[in-house]
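Here the structure is laid out as structure tokens; the discussion comes afterwards.
For reference, chains read A, B, C, D, E and F in written order, and residue numbers begin at 1 within each chain.
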Amino acid sequence: MVKVEAIIRPQVLEAVQEALDVLNISGMTVLDVRGMGKQKGVTHTYRGSTYTLSLSAKTKIELVVHDEELEEVISAIQKAAQTGEIGDGKIFVTPVLQAIRIRTGERGDTSLH
Amino acid sequence: MVKVEAIIRPQVLEAVQEALDVLNISGMTVLDVRGMGKQKGVTHTYRGSTYTLSLSAKTKIELVVHDEELEEVISAIQKAAQTGEIGDGKIFVTPVLQAIRIRTGERGDTSLH
Amino acid sequence: MVKVEAIIRPQVLEAVQEALDVLNISGMTVLDVRGMGKQKGVTHTYRGSTYTLSLSAKTKIELVVHDEELEEVISAIQKAAQTGEIGDGKIFVTPVLQAIRIRTGERGDTSLH
Amino acid sequence: MMRRTRLISSLSLLCLSAFSLAQDKAATPAAPAIDKADQVWVIVAAALVLLMTPGLALFYGGMVRRKNVLSTMLHSFIMLGVVSILWVVAGYSIAFGKSTTGWFGGFEYLFGNGISMKDAYPYTEPLGTVSAGAFMLFQMMFAVITPALISGAIAERMKFSGYVLFTSLWSLVVYAPIACWVWNPGGWLFKKGALDFAGGTVVHLASGVSALVICIVLGKRKSVVNNEPILPNNLTTTLLGAGLLWFGWIGFNAGSALGMGDLAVNAFAVTHLAAAAGMIGWLVCEKIRHGKATALGAASGLVAGLVGITPASGFVGLPESMLIGVLAGVICCLAVNLKNKLGYDDSLDVVGVHGVGGMLGAILTGVLASGKINPAVDTALKDNGGRGGLILTQLIAVVTVAAFAMVGTFVILQITKLITGIRATPEEEQLGLDLAHHGEAGYNL
Amino acid sequence: MMRRTRLISSLSLLCLSAFSLAQDKAATPAAPAIDKADQVWVIVAAALVLLMTPGLALFYGGMVRRKNVLSTMLHSFIMLGVVSILWVVAGYSIAFGKSTTGWFGGFEYLFGNGISMKDAYPYTEPLGTVSAGAFMLFQMMFAVITPALISGAIAERMKFSGYVLFTSLWSLVVYAPIACWVWNPGGWLFKKGALDFAGGTVVHLASGVSALVICIVLGKRKSVVNNEPILPNNLTTTLLGAGLLWFGWIGFNAGSALGMGDLAVNAFAVTHLAAAAGMIGWLVCEKIRHGKATALGAASGLVAGLVGITPASGFVGLPESMLIGVLAGVICCLAVNLKNKLGYDDSLDVVGVHGVGGMLGAILTGVLASGKINPAVDTALKDNGGRGGLILTQLIAVVTVAAFAMVGTFVILQITKLITGIRATPEEEQLGLDLAHHGEAGYNL
Amino acid sequence: MMRRTRLISSLSLLCLSAFSLAQDKAATPAAPAIDKADQVWVIVAAALVLLMTPGLALFYGGMVRRKNVLSTMLHSFIMLGVVSILWVVAGYSIAFGKSTTGWFGGFEYLFGNGISMKDAYPYTEPLGTVSAGAFMLFQMMFAVITPALISGAIAERMKFSGYVLFTSLWSLVVYAPIACWVWNPGGWLFKKGALDFAGGTVVHLASGVSALVICIVLGKRKSVVNNEPILPNNLTTTLLGAGLLWFGWIGFNAGSALGMGDLAVNAFAVTHLAAAAGMIGWLVCEKIRHGKATALGAASGLVAGLVGITPASGFVGLPESMLIGVLAGVICCLAVNLKNKLGYDDSLDVVGVHGVGGMLGAILTGVLASGKINPAVDTALKDNGGRGGLILTQLIAVVTVAAFAMVGTFVILQITKLITGIRATPEEEQLGLDLAHHGEAGYNL
């Protein structure tokens, strides 16, 4: 089992969800985050003072998948989330030692979907 | 050291906190997230149009614990967070390479609690 | 590649950003979280009832860096985020298996910055 | 509101004397024509009271949890729809039709029939100086807000259809008769000489005690049972609501003079001072008891002061109003903690503020009302055989109104339970009534 | 608003008769002096209508997505700045200067010249009882809110500079002439005997059909094209806005009596009941069609009821007002779904509510207007040769106003496109107009 | 406000002439009775000004950071409590009791004693046409909002108890005397012929310069020192507040005519136009300087326009009002950046808007006041020996009011520092004053 964490643009979330649906992957956790990177920030004005907030609104999705699903998940996310403009985001893959379904107490691979 | 990430229902947070308190585990970080899974979404109406948002409000807790605490933490969370209905959530365990307490600069196991 | 997760006080975020800038590290994701730890909570009053919320507002930053950058990143964050008072937060380091830049599809080390 | 009309009209007559002198033949004291300035004031006052219901929606809406904010605001807004119509269809006639029994009015105004836009409401003596239409509108706004006040007690757990049915019945079966008793010139409490200038009994006491019954019948919120912390979603909304209530309450009380003269100006002044004193009273009380003066305390205290002064606003002067305000502020601040002791779940403290405050105001009106402010008090004192008698009459008013409202509420609730049900399911409560009942979230930020 | 003035003034004369009797030599019926009470009412009404534009800002602002909330609110607020000035500079003169052609007024009032604060607006017969200044102010508030109504149709995608230029031109070239046709004593529709008490055609129909044109010309929002869910950022704001609109609308309709008499009181009553009935109509309609009564439905329904009653508010009684309200509520509830069928992107349903509701109201006014409420209806019936003729005249008013507004809007849009452009760039739309155009976020919570 | 009364009363006399003619013996010109219509207007205006304080709470509340929103709103709300009471207890007497010295009033009205609800305020000649009670209430609302204006300068860092003590003292020791100087018929500036129709010096200049002193004495916010970005938590709240301020300001300025006649109508018109022009002026200024027209700019600009016109609103006509408005908008837009240059931390720009705008308005009143609008100007010109003399007198008024307010503020602050302290601790500031001082969070969303 691995965890896929993707930082994407908020507006592509729906498309990513659909792409994952096609793979029959439905378990996922979504977070509202702010990202800093190559993308330039947004300027806020306040009575003549301006602040450039370097952080842009991003959405982070986290999904734990079976090792064999990893590649198709990565490519599904990458395609659905890509606009080609700076700021499209990243996908990170991290190891998972254990997964437990709270409702049933099941552990391991079967607890995922 | 391992990191326990649990996605739970917002309303069981208090109960989980209490269960962890019993284990004398007090360090924890909490996030408001939205989850997608088997649980069906909520329908929003807007002037006759309806949108079913597949994401339900969830709470994510993250806590880094010593390896030997892991099992009791898992079982405490699982018991406190369980309602038996679809949507109870998951617990994931991931490896941690290092931990530093910012205040003191301590590293490793002693930096946790 | 490793992921550095730091839980810091919201008010030191700017300082941490600046410290990382000096290291030429610009990619980072920021989350609003609530933390529980040694720091005591805040008391809310509601028509004579009081609730002590054990959770304080914290900011979490996540950044994936090359292994060789790790130490300087840790020390930059630790210095910038330290106030010396209880509640300064933690830095956790976790392994990363893979990184992909969504815009280009690049993988691995070059996808980071 | 009729009681004071007697007075107002005679004052108006005095005021008009400059002109009357010239109109030598206007001698028949019968019908002082409609006075345009009086009517402007009553119409503006009606508009101000209209705004109180959205104000109440905000006041209550800010205090519940995020997931119930729309449901709570709708409880007030829907009254503007439902009760306005019911009032014209039947409520006004029940309250202000010719009353022979003293317990309810007549049926001559059903469906808005025969409410003149030109001539005064016919049953006061002497006649008032605003048209029956203006009087009906002004009274309508009171009928609208009163059941909305109750909604604070059942917030976060009542079924929407049950709420609408309950309040509809309550408006016709509880509110309209009580309004008849106290304000209809043929009403039994009116005739008895009970004093209630702007609704201490009719509006606040009636809604407060009904709130007590309904929150006991409904039972506690799940989250109260589970001792979960319940924090207001948006206190800026509550403060705004309190501000609009204060603004509208000027119309509520000073408009109850049904014309523009010294009574109206005095009512404005005492209303304002009582609100101010109520705010201070509550803040000092909570500062002493809990260590902090809160924004919600300021908002609650000003409302408590306004509730307290309502029945007295046409009968007392400036110093008394500050006393009433500060007492209302302190006592209501203490009273909202009763629910924890007694174990009912009055979500937004309708009992503690409107029930207790309304009762307090009604009694203090008996104690402090002065003929110097309003000659009607002299009449009332004479009719009741002195101060003791007046206070007794006020107590009788309090007890009968409270008893009737409580029994009425209980019976209507049983009927509602049979027809629509009254309580949201635990799942709906958990999800929040906004999404469960209305398919909407208050905020998508 | 002139048509009714005839009546009002004669009523005022009647009311004043008590005094007039005494003033034996006030025989020349020419100029009833300014009546202070009437003027107080009109001035207060003007202030109430002023508040409607912030109310509209909230009503609309709550419905868009978070990233466009300030942009949407500014669409209304900026009209308070720009149109107020334009109205004094030229709009009032175009609308209410002496009209010989019947299509537009004169130029005598350019730059606010010659608008008396002491004497009545000179072209009505008999003269009104409020000063020309008060009349101009009251009318100004109508001129301000009408283009702001349109802004709901173009929310979340129009360029700010283009919006300001468009509405400025529209105010002078579309609104002012239509106001002349319908309300200027020399206007061709006024002379023809068309009835529009407070702006069913001038305000709601004109803005509604202009909204249709502008949202077709602008094209759909990217997110509508992409079928992304669009959820309102803050419905508590929308409810507050609806409450303020209701409050202000009392001034809008009852103030259109231009004085305080039975017409004003009646207008208040029918306005209020129509709003109440509209709310209920919409809620029942959506409950049946979609299974849930919503908070947005309550807010939308009350506005629909208010739109529907606007042209009729000086001509119908209580029962008719409830009928108009409920019809407006139900029909507008159905009409807002037209856009999905017909494929235009009317962001906040200006067409469905103001276009459809305004048209409905104008026609129902022809059908239901009664001489019992307002003798001016008898005149209108006589002038038009009976009920059928009156309805025909109302239809003619609807068609010509709609046609003129649509053509005018289309032409002005082409000019605006050339000068400033009209559409935000896709990037701006994506980022949100608040940050893109104004450098601000609505909320930093 | 007295100065204009002279005029108003004579106008009223004229207006009443139709009736007076009939009342042959009403010859003694002494006391025109209370005029009901005038009193309705003043009472409504008082209610409108009452609403301005909640409006200000919203205006300011939206601009601070989330963690201080309640604290900031309370700064305004608490004034409705504390100053209302203080005004009746002593402030009114100090300001409007019989003044022999010209520097302060008398003690005859302490504890609300002797303020008649029936007869006019006794010291104007001729007497006004509204009761002393109505006059006292109208003035009370001014006394309430003035210290609340100052609170914008100290937002996010002042100790709550210190704030309450400071404003209480300020209200009695600074505000009430200045009101005496300018508006009491025995006040020295009043007698000198200084013109201030609705409070350019008394309200805006006095609060603006006091704000400067207090924010210098308090020192900067920690986050300003640290150069952290400070973004407004909710600009929709600020816009709503600005809308309510505009609405209420109609009462503030047009109500200052203390009756309903051409002066009141004119004041409404010029107030509205100045607000509109102020909005446009500010937006154009910031568009040129910073490239974007902002929502906060629109809100700030309309307030600046309103501040600018306040002293002039009874003395200038339509074109002058647009000029004043646009100048106020542009100059205040530039002035708010002074603080960055001069290094004081005026959190919400009270100095830049109220101080600078109030000064500008007072001077422009001297330059533009016209006898055509208000005969009182002719008297003032004569008394001062022409235009130059009048301008000089205005300057004297500005300088003395500013000097007195600054010194008074400084001294009161020292006293407050000793008794309660004035500054929140760094920890409280960090946590946010809402939780630190009041134990509440504005939003739990």
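Heads up, the rule we're going with is that a contact is a pair of C-beta atoms (placed from the backbone, for glycine too) under 8 Å apart; a residue touches a chain by one contact, two chains touch by 3 or more.
For clarity, every value in this text was computed on a predicted model and none was experimentally measured.
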Any chains in contact with both chain A and chain B?
-> C, E
Recurring contact interface, reference B-D, options C-D, C-F or A-F [over half identical by residue number] = C-F
Averaged-CA centre spacing for the pair chain C and chain B, given as whole angstrom | 18
Where chain B and chain E are represented by their mean Cα positions, the distance between them in whole Å = 53
Listed in rising order, chain F residues that touch 2 or more other chains are 19, 22, 36-37, 40, 44, 229, 231-232, 234, 240, 290, 292, 294, 296, 438-441, 443, 445
Among all residues of chain B, those touching at least two other chains are 31, 44-46, 50, 94-95
Among all the chains shown, which pairs meet the touch rule set out at the top?
-> A-B, A-C, A-E, A-F, B-C, B-D, B-E, C-D, C-F, D-E, D-F, E-F
Within the complex, chain F is touched by chain E residues 19, 22-23, 26, 33-34, 36-37, 39-40, 43-44, 46-47, 50-51, 53-55, 57-58, 61, 69-70, 73-74, 77-78, 80-82, 84-85, 88, 111-112, 115, 117-118, 131, 133-134, 136-137, 140, 160, 234, 237, 240, 434, 437-445
Note which residues of chain E are touching chain D in the complex, please.
-> 15, 18-19, 21-22, 35-38, 40-41, 44, 48, 65-66, 231-236, 239-240, 242-244, 246-247, 250-251, 254, 260-266, 268-269, 272-273, 275-277, 279-280, 283, 290-296, 298-299, 301-302, 317-319, 322, 443, 445
Chain E contact footprint on chain B (complex, rising order) | 44-51, 53
So in the complex, which bits of chain E are touching chain B?
-> 229-232, 286, 289-290, 292, 294, 296-297, 300, 333, 336-337, 340, 349
If you look only at chain B, which of its residues touch chain C in the complex?
-> 3, 17, 26-31, 64, 94-103, 105, 111-112
